[in-house]
Amino acid sequence: MANSQYEYVKSYEIPDPLMPNTFAVIRVDGHAFTKFCHAHQFEKPNDIRALDLMNRAAKAVMQEFPDIVLAFGESDEYSFLMRRDASVYGRRRSKINSTVASIFTSNYVFYWNEFFPNTPLRYPPTFDSRVVLYPTAKEVRDYFSWRQVDTHINNLHNTCYWALRHDGESGTEATKLLEGTFSDNKNELLFTRFKVNYNNLPEYFKKGSVLVRTDPRLTKGPSKRDVPLSQCTETSGPTEPSGSAIAEADLSAPSLPGPESPAVAKKKERKKKPLKPFDGRSGPITILHTDIIKEKPFWEERPWLLE
Amino acid sequence: MANSQYEYVKSYEIPDPLMPNTFAVIRVDGHAFTKFCHAHQFEKPNDIRALDLMNRAAKAVMQEFPDIVLAFGESDEYSFLMRRDASVYGRRRSKINSTVASIFTSNYVFYWNEFFPNTPLRYPPTFDSRVVLYPTAKEVRDYFSWRQVDTHINNLHNTCYWALRHDGESGTEATKLLEGTFSDNKNELLFTRFKVNYNNLPEYFKKGSVLVRTDPRLTKGPSKRDVPLSQCTETSGPTEPSGSAIAEADLSAPSLPGPESPAVAKKKERKKKPLKPFDGRSGPITILHTDIIKEKPFWEERPWLLE
Amino acid sequence: MANSQYEYVKSYEIPDPLMPNTFAVIRVDGHAFTKFCHAHQFEKPNDIRALDLMNRAAKAVMQEFPDIVLAFGESDEYSFLMRRDASVYGRRRSKINSTVASIFTSNYVFYWNEFFPNTPLRYPPTFDSRVVLYPTAKEVRDYFSWRQVDTHINNLHNTCYWALRHDGESGTEATKLLEGTFSDNKNELLFTRFKVNYNNLPEYFKKGSVLVRTDPRLTKGPSKRDVPLSQCTETSGPTEPSGSAIAEADLSAPSLPGPESPAVAKKKERKKKPLKPFDGRSGPITILHTDIIKEKPFWEERPWLLE
Amino acid sequence: MANSQYEYVKSYEIPDPLMPNTFAVIRVDGHAFTKFCHAHQFEKPNDIRALDLMNRAAKAVMQEFPDIVLAFGESDEYSFLMRRDASVYGRRRSKINSTVASIFTSNYVFYWNEFFPNTPLRYPPTFDSRVVLYPTAKEVRDYFSWRQVDTHINNLHNTCYWALRHDGESGTEATKLLEGTFSDNKNELLFTRFKVNYNNLPEYFKKGSVLVRTDPRLTKGPSKRDVPLSQCTETSGPTEPSGSAIAEADLSAPSLPGPESPAVAKKKERKKKPLKPFDGRSGPITILHTDIIKEKPFWEERPWLLE
């Protein structure tokens, strides 16, 4: 039996390549996560287990796509930056978009038990995703600034809101008290009523999470300051959030390599080739909770992100 | 801190509505499933647990989207038909596409243990998806014929291939023996060498799986012949595959409703309104393993599918 | 000198095929025609020379595209219906769209002097165009109904407005007098103040212009009732508008062929093949000023338009 | 009569905005121009009247679109560069594309008699057009290099071909003689057989035509070296091709302004504001036949082109 008489229906698949040489940002968003958080009793304003799980799912996306060189997450959303020269899947929009959504979802469900050992997953969560194209580096930086500013605004608001709620205010009252307030009002409220200095809260919550690869040639030796995500989340597990610690790390001064054997040193001398510049497509994935709005040091140290 | 200076990046999101009044078929495909099947020791040529799990994930997609009125699955792929008048998510292509991929994936991982109680999931699987638009009913029917013919071709081939393998042939030899053979050659091979009449193999494998909703007004009474999927897969579980049984069911003669209480009968009489025709958007989801290439009885009995 | 190092820029041309098997309507619109009409002293409310010239340009578009089987024009706009099975230019949207705009424009300028022998063209006019896709025949009919209803509404309004202006009212006054009036108010105004029965105005103005091809096998003999456009506009010229006459013609009863020579009759007998049904892709182009909102007789007589 | 029941068909118009902040190149191409050239007895290999007419049509496009800051033409094609920040027509692709095709066509036909006073236009010519987007300045420069290299290759080939034809060779023989030859072979052929030094041929033919605006603040005074197109083609007419002369002009040293009245000088002094940098959106349009492949001096002198 030949299939030819029906195969013509394939011709209705319209090609949908992403414009060449443009940056693609893929943003994954939780679907109906207010309900999902409630059903799984997420801690408020921030549930570190849930954030760690988001980071774990995001890491899996980066592992599948070397061309994704940067990811930024907050709350129930994650944004992925794909290099402008990426050619994966012929740059087909639907293929890239649905694959990212699927990998993210799959890992979120798969690793749930590891991050929520005492909270069974009650029903399968959903994430949608979209691809947005940016022609220049400026827009890419502004995109990620947009998301990090949003993280700050939401976190400050949620910190106040849940402080009020935990202090006995109703949802309606809490909302009313925050209506029309600006950042400084909220900071003052926290300080005056709750003795909380917002600036001292964990960077993890204030800045969101940034995933980047580090140059493996710079991390051969032991380093106390640069901890790859795999170590954080996979070895030590989610119960020991190392987010803040990592954020403290000064990544601008990568660790020096350890002492070399004479053989290695000799081999190097023979080659004397200049190192090919790092392109961010391979190497261990590191999690940071750091400012990505200012140019320095984040972007300046990683010129490959916007190449 | 205002977010306005960066918000302009939102304007780069180009609208991507599906053309109005066209049928949309969303096809979900397993990514690298040869490896995945191997890693989880799927039975060959057909692993009923895996097929049941696919059906379970597909059902979840239909439960989320009332506008998806038909689904067809085989192997590691599933196709969903969305009504031409669907307005969900403003018909945004990326949103619909990624959500379907995510729901499917999420349910596949979530229900894994139920269908594979003795095989731990070793790593999270991925599915991609695409949306194809069809302007007329003819193309929609041809699309599903295309997939069902494909099911048949693949199943016949795989049945032969694995019969040979289980009989001691190497992969290379089995492939060589089947090279250039037609359907009748394969049928004969099965019969002569393995005493297998291909026609007697389960409809489940030969025809794939079809999900449709049934008119709830026709299934009030008890029926032995029409078994909704929820009952098959959720109550009896995957260990008792009821696929073939269902496929035997003659859905063209829906069960008569059982005896009514006088009160109900009275109420009905008062109304006497003509029944609104069934549109396939609500009601229990049923699984079938039946021919959908011929018009009768499948399409003829369900005119709402192509309305 | 090889061109290869720069040729990569070609790869940025993204394919833009029209969805297969959908009707395409290409609508051409005059750009800044209020100014253009004024600069060339078009008669108001309708300048028959200008309308004839529009028809001439539209005819040229149909001559270039056999797949365009219907065109409808009013004022400074023209809509073209392309068969759903058209494969011209690989259905590339930009190519089809720009070519239609260019042919229309080119002919409008080229034939200007023929239709406006005493009015030199002062500057070159511009038309833009767009392509809209429709999946079903119903939408195509509704599209053309939409344009013809628009023709009626505009013509009734303009007839009133210019009657008032020619009667000495200022533009402001005329506008004010018509504000908030309905069709029957306008009809009454025309009848009471100007003794004009709107129904008796030429069909050309009330119904717009419709271009279709007629089956050449039905028009071999001489016919007084069916006048092809070429004859109307090219032979008799624009000064003798034959629009209304044509509109009166009952196209449902095509003229009988004239007497045949015995040789022709013999040849016919030998063939005895059933006539291939007319598909509207060839044959003389005829202009009509007739109702295309009702199914009968326009659409019913030309089933090929919506095939 | 309300139009509402049919107006829904408007909703089928899918938005088609060009991606923000990308350069758009609109390329207009003559349709079936081999036949058109033949029908109008264009001189071979280059008809200066035809090239001047192309330039005139291109100038009209630039006059309509201030955002088009550069145009390059050769043979029967013209490419237009639109600034990346253009917002004209909401950046609607179809609208921009069809309008450019229409303006170009309209002006070509309108000005035909001026450039071909002794050759009546026998039928209306057609041009199609397409829009291609480029995210970076590099691609834009490479695009225009691609077209200018093409100009050179075609012109060298055509110069040889027509020299052979005018020397009595048949079309077949001429084609055969040039088959497989490289640039140096062709140069030699011209020099040996026809005593023609290709390098001495007019820049107009070798380099094509470039249209740019010049800063009006730099061209107030009389200048013999910088001749705006309007002067070339409109005043002196097409019989006096000034292309080569213009190409010789050193545009890098714009003419000094002429002597000023004391009042003007005073007014200037009062202002003392720094001049707003020229953006290429206004000012007289100049035609050049110059190298645009090298950065210097063309691109370096006009930084606004790629801003």
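Every chain is named by a letter (A, B, C and D) in the order it is written, and numbering of its residues begins at 1.
The working rule: a residue touches a chain if its C-beta (ideal position, glycine included) is under 8 Å from a C-beta of that chain, and two chains touch if they have at least 3 such contacts.
Chain labels with UniProt names: A, B, C, D = tRNA(His) guanylyltransferase.
Bear in mind the structure is a predicted one, so any value in this text is a computation, not a measurement.
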{"item": "Repeated interface matching C-D, over half of the contact pairs identical, chosen among B-D, A-B or B-C", "value": "A-B"}
{"item": "More contacts between chains, A-D or A-C", "value": "A-D"}
{"item": "From chain A, the most remote chain by mean C-alpha position", "value": "C"}
{"item": "Length of the line joining the C-alpha centres of chain A and chain C, rounded to whole Å", "value": "57"}
{"item": "Whole-Å gap between the CA centroids of chain A and chain B", "value": "34"}
{"item": "Inter-chain centre distance, chain A versus chain D - centres from mean C-alpha coordinates, in Å", "value": "48"}
{"item": "Multi-chain contact residues (two or more partners), chain B", "value": "12, 19, 21, 133, 139"}
{"item": "Residues on chain C engaged by chain B in the complex (per definition of touch)", "value": "19, 21-22, 84, 133, 135-136, 139"}
{"item": "Contact footprint of chain C on chain A as seen in their complex", "value": "11-12, 14-15, 17, 19-21"}
{"item": "Chain D to chain C touching residues, read off their complex", "value": "1, 3, 5-10, 12-13, 31, 60, 64, 93-95, 97-111, 121, 123-134, 139, 142-143, 145-146, 149-150, 152-153, 183"}
